[in-house]
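The following pair of complexes shares a single chain, chain A, combined with chain B in the former and chain C in the latter.
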Partner chain A sequence: MAESHVTRHSKGPVTYLLRAFAIVYLLLLVAWPVALVVTHTFDNGLESLRAVFADPDTVHALRLSAFAAVVATAINTVFGVGVSLLLVRSEFPGKRLLSALLDLPLSISPIVVGLALVLVYGGRTGWFGPTLESGGLKIIFSTPGIILATAFVSLPLVIREVVPTLREIGIEQEQAALSLGASTWQTFWRITLPSVKWAVVYGVVLTLARSLGEFGAVKVVSGNVLGETRTATLAVEEKYLNFNASEAYAIAFLLASVSVVAIAIVSILRSREKRISS
Partner chain B sequence: MATVAPDLRRSPTRPLSTLGVRSGIGLGITLLWFSLLVLIPLSAIIVTTTEGGWANFWRTVTTDQTAHAIRLTVTAALVVTLINAVAGTVIAWVLVRDRFPGKALLELIIDIPFALPTIVAGLVLLSLYGNDSPLGLHLANSSASVYLAFLFVTLPFAVRMVQPVLEELDLDVEEAAASLGASRYVTFRRVILPSLAPAIAAGAALSFARAIGEYGSLVLLSGNLPFKSEVASVRILSAIENDNPAGAASIATLLLLVSLTVIVVLDIVQRKVASRG
Partner chain C sequence: MSIEISGVNKNFGDFVALQDIDLSIPTGQLTALLGPSGGGKTTLLRIIAGLEETDTGSVVIEGQDATHLPVQKRNVGFVFQHYAAFKHLSVARNIAFGLEIRKRPAEEINAKVGELLDLVHLRQFAHRLPSQLSGGQRQRMALARALAIEPTVLLLDEPFGALDAKVRKELRDWLRRLHDEVHVTTVFVTHDQEEALEVADSIVVINDGRIEQIGTPDELYDEPASEFVLSFLGPVTRLGDRLIRPHDIEISRYEQASVANGPITRWTRVGFEIRLEVTPVDHPPIQVTVTRAEASSLGLHVGDQVWLRPVVGADQVRT
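Showing the complex of A and B:
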């Protein structure tokens, strides 16, 4: 439909002016700086990437980031699909409020997220922290805290993808399945989930990218202990501040590649879906 | 990044609650997890602030260094939000109405700031605007770097809010206006802008909330110099590190209040859009 819009208008000087503005703006703000990081990474060929993988502490940081991201994404996916079903398919008091609150994590400073978690789960003075630690569960300055912080910041992403799709597909098919004797569970797995499959995939990819790159919240809750609770993003800061810019660029390059590939996948899938549906 | 304008208004014929036993349990577990992860921790911030007392709150947020950081953060967030409202609309316009080779690449570039880890965003900006700048711009460690970082991280919000609305816009109305003798400017001002206004406002609100709490992209770029390039979230972090949770919570409460205001505004705008459509 976008195509038909364009062809009806003749292109005046304003069109070209706006186009030039958009291109120059995005080039200066995003494209050029990102390209420079890529070239900096390969200034010495593959040397800095090799150095990254030769350093056991950095490898540990990368692994920890990946682990926390995967666990947080798994939690948010189950939670997100469940919440979306509740929001779209049922009525309960306070639904509007819940829906508004679910977006909250996107508008809160990562540092505030970290602080909030420390105040509740901190081992010394937190509300639940001391009790949990005496029960053997250390959350702050440990991996569970990193997972909580990561899950917090990326919480709404799956919901934001699934809710509109769920609303769009309607309930006819589900009702048909139920009336033909399928159980709620069967209906969910055979009808509902397959029809929101792509929305879930987008949500998961975006959540994974966001989780992998979380920095501020993780910095507050992790304690940033080398080889233990230092994540990949914290390692970038550490390396850069310790005048090891080449390794900082290399880790940054790895993280950036994952996120750029993630959004590329989503946008390719999306434009394909659009073409099929139109 | 898709944005959701959930139409949750209850139709009068529908019952207050349609929860079965199983969805009831589901809702219970959902709320428990959401409370443990988000609601209880956020209320802990409010409670800690209140325990510290009004005097402590006021003293914390009016200390010279903190007050300066808050002023810089709010000013920069406002300026950047304004720039985004204009630049975001222009970019969305170009993406929807214009056609040229490489447009798909621009679509991808717009989402990069959203997906890029913030610490990497800082490093990325340093490569073009830092001390080794190929442009000869040395913005690192200056207050200008705060504006730059905010512009980078908030880029997708306005564009992605305006774009879908622009795609849905009925071209017949514009053509009618034009055939009745309206100039392109008048058509834009009187026909297009009013339909875009809610989306622009919503995108602006998101940009503002994001900017006001930004931290990661500034760490390497701004140098966090007191009275120069230090922002509010850095003050919170120093308070945490100095074992001053009440002080940290005070600044955080201020930021939370701002975020909440923004969400309420966003919600009102979305409802207005929904009721119009």
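Showing the complex of A and C:
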């Protein structure tokens, strides 16, 4: 209460100026451009969306993007929760190195990620690729490669959400569960996971949004073959370069709306959760 | 004997937490582990629970060697200082947790949870979340949760440490009555000597990783084995070559056979009690506690010359 009082008193012209600046900045950088994508999509009513869904190759691209994003998110969720537990609940040599490595995917360019994956898994000259390919598993220029690249770039998002929450809840609840006879596994499912539920959900949504939008790494590893390995983001570029701007906007609109809807749902759920628990 | 601890040592890196601990805790009693923070009492409790491993030595609970038994298998109830409430579960589900893990039939769980809710007076809060309870209520819930599994021993780690003074006192009385009702072997850790003296059947004083003394509250208070025990169980002051409690000093305004004499240099009133400081010429200042009635019947004032000696039968330790 006291805190809000202080803010109310200090609300001078500077506050309003800063507020206006922030709003204008966000408008110019985010809201306006995104809004333009929406208006361009509906320039001819629903015509461009209809065209998108009429083209089997574009539908395939959308499906492929959705599939790769869902699989990559599933992988990163399981992996992310596991690694978070490892980072917070145990001590081992090299822990700080691991923690630093986990941020790498966010800091290096996705194009570099793509090239690196080709170097390792490339079918002809890759370090590991020929072995896998002779075993019948094609990675580069194929769906596994797309999933791999997508998972790589969105790797830290679940971890970065879950780690602080795990730290915050501490280990006493888990120890209490153990003392009441729960096994480690039961403790994880009944106590730890429900306690970090919202961090996991938020991490999953961010991962999904990031995965759907991945372009650079996927462009390198997919081969961009129409109707086979072309994802939705690659299709946007292709349409745009081929002067089919309206369909490019329509696909972009679809991609953006999935992310917006996902984040909106989470913030609604989160605020409701807060109301209940407080 | 319910818990037999022998030859237990525990180090954390270079820090010696416990050193050669031998301790027997009798069945059905309420035992306090008392000592200053960092003295090792919580470590000892966590070793009994299985939340901490011993470096050497053994722990036997009800005749069963538990030294290497994991916490899940020990059937101990553990209550944490900060409650460790399962925040996402209702009060009733918190209490039911241990029974659900043991896959007891639903009717049995419901009956047991109802019984415990009554025992800890939380019946009307059964469907609340822990965040909607006060600290004292949360701790009672944690206690019911620990009792639900019908533990062989109940272990409480500074159970009232996070509560304010009034609730602390209420819960302390309540714990004593609860123990008289339930009779489960109980060990609780505290750094509050008043809490230990008031609640426990027997007290184990632990300092610097060692046991200083074991005894009933009366034994400890009347026959402290060391200077540390005497000074930890209450205020002490030096009179001549002895340590003595400030209320065990007889004070007189008239010259008499005495150990020390000097003027009253400080006067602090705390409720019904008056704490005086007497500063003799060749002796460090001496604390003396008298009641308000005594002070006025003796006609004491700051600056008065007084003669001090131990009252007959006072506890004292020669140093």
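Everything that follows uses one rule, which is that the second predicted complex is superposed on the first by the 257 of 278 C-alpha atoms of A that agree within 3 Å, B and C clash if a C-alpha of one lies under 4 Å from a C-alpha of the other, contacts with A are read in each partner's own complex, and residues count from 1 in each chain.
As a convention for this text, a contact is a pair of C-beta atoms (placed from the backbone, for glycine too) under 8 Å apart; a residue touches a chain by one contact, two chains touch by 3 or more.
Keep in mind that this is a model prediction, so the values were computed, not measured.
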- Putting chain B and chain C on the same copy of chain A, do they fit or clash? fit
- Is A:L115 touching the first partner chain B, the second partner chain C, both, or neither of them? first
- Between chain B (first) and chain C (second), which does A:Q175 come into contact with in this model arrangement: first, second, both, or neither? second
- Item | Partner chain(s) touched by A:P56 [first = chain B, second = chain C, both, neither] | neither
- Touch check for A:L101: first (chain B), second (chain C), both, or neither? first
- Message: Quick check for you: in the superposed arrangement, does A:I191 touch first (chain B), second (chain C), both or neither?
- Response: second
- Message: How many degrees, to the nearest 10, separate the directions from chain A's C-alpha centre towards those of chain B and chain C?
- Response: 90
- Message: Going by the contact rule set out at the top, does A:A262 touch chain B (first), chain C (second), both, or neither?
- Response: first
- Message: With both complexes overlaid on chain A, does A:S183 touch chain B (first), chain C (second), both or neither?
- Response: second
- Task: Would you sort A:V83 into first (chain B), second (chain C), both or neither based on which partner it touches?
- Result: first
- Nearest CA pair across chain B and chain C in the overlay: distance in Å? 5
- Message: If I apply the document's touch criterion, which positions on chain A are contacted by chain B in one structure and by chain C in the other?
- Response: none
- Task: Quick one: which bits of chain A touch chain C in the complex? Just the residue numbers, please.
- Result: 169, 172-173, 175-183, 186, 190-191, 194-195, 197, 276-278
- Enumerate the contact residues on chain A facing chain B in the complex. 1-3, 5-6, 8-9, 11-12, 14-15, 18-19, 21-23, 25-26, 28-34, 36-37, 40, 79, 82-83, 85-87, 89-93, 95-96, 98-121, 125, 127, 148, 151-152, 155, 159-161, 163-164, 167, 184, 202, 206, 209-210, 212-216, 219-220, 233-234, 236-237, 240-241, 248-249, 252, 255-256, 259-260, 262-264, 267, 271
- Query: If you look only at chain C, which of its residues touch chain A in the complex?
  - Reply: 49-51, 70-72, 74-78, 80, 82, 84-88, 97-98, 101-102, 129, 131, 142, 145-146, 148-149
- Can you list the residues on chain B that touch chain A in the complex? 1-4, 6-8, 10, 14-20, 22-23, 26-27, 29-31, 33-34, 37-42, 44-45, 48, 87, 90-91, 93-100, 104, 106-120, 123-125, 127-129, 134, 151-152, 155, 167, 171, 175, 184, 206, 209-210, 212-216, 219-220, 232-234, 236-237, 240, 245, 248-249, 252, 255-256, 259, 262-263, 267
